[in-house]
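I've put the structures underneath this note.
Okay, so chain A shows up in both of these, paired with chain B first and chain C after.
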Partner chain A sequence: MSECEVIDEEIKEKIQNIVVFMCNECGQGSANTAGVARMAYEPAIRIVRVQCTGQIGPIQIMDALNNGADAVACVGCCIGACHFFNGNLLSMHRIKLMKKLFKELGYSDQFVNQYTSRAAEGETAVGDFEDIVERLATAIKEEGTIKDGC
Partner chain B sequence: MNIEFISDPQDWKEENMDVAVISGYILPDDLDSLQKIQNNSKRIFAYGDCTTTGGIFALANQRGHQVTPLKDLISNITNVNGCLGEIEELIAVINGEELQGNNPLCSVCKRKATCDYLDSVNRQIEIDDEETCFNDLGFLCNGFIAKKCKERCIDFNTPCRGCKPMVERSGIRMLGMFGTLMGNIEMATEHSEKGATDKLADADDDLTESLPDILGNFFRFTLLTSGLPRGRIQSSGNLLQDVFTGRLIEELPLITGLLGGNRSISLTLKLIETYEKANNIEVSTQTKKYRNELLSLEADLIEATNNKDAQKYKATTDKIRKIAGNMNLSNVYFGGFKQIIDDDVDFESYKSHIFEIVEGTYKNGSINYNIDPKGVIKEITIKEG
Partner chain C sequence: MTIKEEKVEKTENVNEISKESDTEEPRIGVFVCHCGHNIASTVDVAKVANYAGSLPNVVKAEHYMFMCSKPGVQMVKDSIKELGVNRTVVASCSKNQHGKTFARAIEEMGLNKHRHQQVNVREYCSWVHQKEKEKANQKAMQLLEAGVNRARKLEDVETRKVKTTKAALVIGAGIAGLRAAHDMAELGIPVYLVEKESTIGGHMTRLNKTFPTLECPQCSISPLTNGVANHPLIELYTNAHIKNIEGSLGNFEVEFEIKPRYVKDNCTSCGECAEHCPVELPSEWDMGMSMRKAIYKAYPQAIPATYIRDKKNCIECNTCVNICPVQAVDFSMESETKTVKVGSIVVAAGYDEYDPSEIEAYHYGQKGYEDVITQLKLERMLSPTSLTNSEVLRPSDGKIPKSVVMIQCVGSRNDQVGNEYCTGVCCKFAVKNARIIKEMYPDTDVTICYIDVRTPGLNFEELYKSAQEIGVRFIRGRPSEIVRNPLTGELRVIVEDTLSQTPLQLRADLVVLSAAMVPPEGIGPLGSKLHVLRSKEGFLKEFHIKMNPTLSSKGGIFLAGTIQGPKDISESVAHAGSAAALAAAPLVKGYIEKEMLIPTIDYDLCVNCGLCKTVCAPAAIDLDENGTPSVNEVACKSCGMCMPVCPTKAIQLINFSDDQLLDEIIALSGGGAICE
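Showing the complex of A and B:
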């Protein structure tokens, strides 16, 4: 986690809970692969397994944020590779609108994000986690946490 | 029965009341007056969205204002939702009746939904199609989450904005619903260096371009009860101007019509006429005639309010409803009207039409506004009302 070491200690303290909804197929699959390979990742990441990221929408995201999450992310299958039909695309559409909503309220749009991963490659999931933390740290540094305005 | 109208609760001489009905938007500074009312009344009713959920004025909280729902300040109140609130419902709850169950607005809408994915979002639609669901036309309508109501904007070719929500956190649910409907619209993705896979891009794309004002469209009445953080955008200092800033030009008549007060009709018409004049949108003589009628009805309404003449008030509102559709002025639009007012007059002669969004500054003495290329209000000053 060399990327995280450059983060100021103060900001690191503010990142305690990042809720990551991972789909049961590629998302959770790659996290399992990462686990088998004993790859380390940021302890603030809290994984919630869902059947498909298509189940995640604004309600679940706001529930997580209102109950103490510092940021929310979805990790689903690669584009075009949803194991159901197009759940990952639909949740990306909704999350994009959530990002816009946060911008309209004057917050950073990095409190919600969606990633993809490949089940056979654990490093895709760990890389996504690193990216989430890094983006959140930059956002907090520049615009403060989401709780500053709640 | 004695009904007293208190317009300035700070100077009110306290006396015991059986029932207090509170309307209008509330700021935290009003707490003292509200406690005074609570101490003196047996039952309290919050009437209309401004009081129950912050209503249209809560949009100013996007810019840091502190409009508050009544239930956050005092307890034991009964809410009567709606914008306008329905007087029949208020009378019913005061008489101790239960409000009728949840009847969705879609059940009384003559349009039929298929819920197919949209290829594009349309901010204005041709008013000739009266069978397809607004949402299927790509024209955002919050009817999915709304209760059946009296004002029924949908009957006047105006989409519902959800002033009487049927579910908790209706705006957020509707956002999820419409986001799903937008499934066919192009969305930007980018390569994530660390994950070595694709991720959702931060850049603007067709999705964000097609909904320039998510807050105003989905959370027009429920911003304060949807659990979103308080807005941090720089305020202009004026609450009314902050309500309008950031809204879309084609939504303006819908918002001014909802403001209530004595001047909402003239304010709405002034906004519309300013735009029409600057962009050479021609208005028929019939349209002008109806608009002048509305203005004289507004004068009658003010007179009836001042004289506390309930019968005249009701007669005047009936006449306004006939022309403007409802008290939210849903039938009034740029270029004319959206629905037939009088069967004897040819509708083509006063029909409204789709207009182009033209960037620029619009000035009319009392109301000046500035819109950007997307049709979003950047600055607005209102000198009266």
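Showing the complex of A and C:
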């Protein structure tokens, strides 16, 4: 939380919707655990339930950004713990390519990120969310929002 | 294609799906739960329900104190009956908690259970944004809108019963394979047991004593080997290897080749042939510690007891053919291919001992370093049936060693050879063997050079302590080199005792390397035939390390014993028992129930690129001769990984398609498109 408080209120106001694709296994599990433990995080986080992060491609990410999302993130299982084997790795690879694309297009590569979490630990999900917000805030401070660039 | 057609016949619908779902107008019922104060104290539920009522296609929007209670569920049911609601959205807790409650309720009312959409406004909203009520309210409305958008396009999903073939295949007849085969046969399942060696029992039969109780492994395993060999439901095939595996959970077709023994089953194992055979070779079973003939039996108690001819080394003098009293030797025998249909497969292919010759500094297997041996060779030397009569003798001169040095972690916990893992059993067997040697020869110095002594578990610390008490020396440090005096031939182990920080040179008459367990030879081709994934160490990867360590990446293929990772005998037996129970379950039941949450392929869009197959971990996508993909509905695990790789959006997972997700994403991203 402490890092979040450092962020300027002005920038924070700009962050309205962050679409987070969370897999049906560890992703959803960790967000549920965080909820049960009442761990507060940024209300801008919007969780979409998907089967596996490997299901998320550029289409979904671009759809979200095109429709007004400030940033997109995928949260999957830990490396080696994907319930469908390597969906998280596939997604990670895809996000890496997406980041390159964003840079080439002249945007910040922080609008899209990949994370992992553990169903048993709500902290992992909240940590991911905080990191998303922090990275996005830094990106907005330096380069403006994705909407500004459009 | 023939297999596929058969499978369709074998499946049977459990629920009828209405084809109208594509054409009928969606009538959505929205229910917002207060969850006592859990949701209502943060989110203005009345406002949220009102907002939902204004959304298109929503015919009913209500809020209630406890939706999961009986009156709450009744509200959902009534809306279906009275208002003709055909899709329900409940905004309450997580899908895991009460999603099933409402899905079951609408199923009772004759709707497909996949037409229910659960929106989580408790864990994802009210509980985590208690201090920001305004934003929480906004978020709840957005979440609900997304849920309604998603519900609008929800499709019916069938549940099908797939009949299973009541038979199982076990690959490998070591302790794990035998245990799994026996357990399944006891449940009344016919088992095909395929072993690549000529005998069953695996590594366990080679051991001298098992830790921690110092029992005779041969006596422990013989009830199982005999039980398997004589079980009416187990068909044993030795000298056989898998050629091809097709199909998926419940219905596999396996092809395996049985190499000829060149000795017919009427062999009485009298041993006349071996006695007169002129060819002598080091015995593989005995780790080269004794000799065998070109026609041989691996060891006296071997099962099956039939002799086998080593065709490669046979000089075809025909002595055995002529001398056999029952005319069992037949050089004209040919290999045979057999195809069987099974429902489950248990892989128990075991492990190989790491070959330390890769580590240059230890000079294993080099000339002049004959006294550097591995633990398995030491086991063979100590064994009651050994050539040395259970004595520990130096291979170079046959004398009893005055000092024995054991080196731990050879090939494991070693980045240089690429094995980061700890085998976990080397410390235990080294301590056991050190104690046995010290008890046999109290004058002999026995030293163990270790990094960490890892002997966890019941009775193992006691074993470690007893070895210390008896006088086994433990030195903490990994030896850097084994050097040989070229004049005397004496071996010295160079090691730094890291506890006292003193460099040492240990004189060693015999050096024993505690070599790691590594994946068995040929695991690569076997793994690709099975279509299962392997871990980076090369072992077959389990489905989930904690919750399902016996299932492989593919449904219906189970792992037993060391093929999944290093294990000792007790762990292997327990692992195999679990694999047998899981493999037997669908076969005993006779069918598997599967929700057809599978991708559909639009063949007009498909360009036959085959990318979907490359990412499909459970190998559920088959390509025909033209490269046209088809989905194996039984094997599919509904992950949707095939979707993003498709260049033409031809393959779409039902209820998770790009189109369906888009509607949900639009609502959650804050509405309309910003770039027109």
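Note that the second predicted complex is superposed on the first by the 150 of 150 C-alpha atoms of A that agree within 3 Å, B and C clash if a C-alpha of one lies under 4 Å from a C-alpha of the other, contacts with A are read in each partner's own complex, and residues count from 1 in each chain.
Heads up, the rule we're going with is that a contact is a pair of C-beta atoms (placed from the backbone, for glycine too) under 8 Å apart; a residue touches a chain by one contact, two chains touch by 3 or more.
In this text the structure is predicted, and so the values were computed from the model without any measurement.
Novice: Output check: A:R94 vs chain B and chain C. Expected answer is one of first, second, both, neither. What do you get?
Specialist: A:R94 sits against chain B and chain C alike.
Novice: For A:V36 in the superposed arrangement: first (chain B), second (chain C), both or neither?
Specialist: second
Novice: If you stack the two complexes on chain A, which partner ends up touching A:G57: first (chain B), second (chain C), both, or neither?
Specialist: After superposition on chain A, A:G57 lies in contact with both partners, chain B and chain C.
Novice: Once chain A of both complexes is superposed, is A:D131 in touch with chain B (first), chain C (second), both, or neither?
Specialist: So A:D131 only meets chain B here.
Novice: When the two structures are overlaid on chain A, which partner does A:R49 contact: first (chain B), second (chain C), both, or neither?
Specialist: It touches chain C, and chain B stays clear.
Novice: Contact-wise, after the overlay, does A:N66 reach chain B, chain C, both or neither (first, second, both, neither)?
Specialist: A:N66: touches chain B and chain C.
Novice: Check whether A:V19 is in contact with chain B, with chain C, with both or with neither, and answer first, second, both or neither.
Specialist: second
Novice: Could you tell me which stretches of chain A are touched by chain B in one complex and by chain C in the other?
Specialist: In chain A, positions 57-59, 66, 86, 90, 94, 147, 150 sit in both the chain B and chain C interfaces.
Novice: Where on chain C does chain A make contact in their complex?
Specialist: Where chain C meets chain A, its residues are 94-96, 120, 122-125, 127-132, 135-136, 138-139, 142-143, 146, 533, 541, 543-545, 553, 615, 617-618, 637-641, 643-645, 649, 653, 656, 658, 661-662, 664-666, 668-675.
Novice: Which of the residues in chain A end up touching chain B in this complex?
Specialist: Per the stated touch rule, the residues are 3, 57-59, 62, 66, 78-79, 86, 89-90, 92-101, 104-107, 109-110, 113-118, 121, 123-125, 127-128, 130-131, 134, 146-147, 149-150.
Novice: Chain C touches which residues of chain A in the complex?
Specialist: 16-17, 19, 28, 31-32, 34-36, 38-41, 43-44, 46-52, 54-60, 63-69, 80-81, 83-87, 90, 94, 147, 150
Novice: Given the complex with chain A, which residues does chain B contribute to the contact?
Specialist: That would be residues 62, 169, 172-173, 175-176, 178-180, 182-183, 185, 187, 189, 192-200, 202, 205, 207-208, 211, 213-215, 226-233, 246 of chain B.
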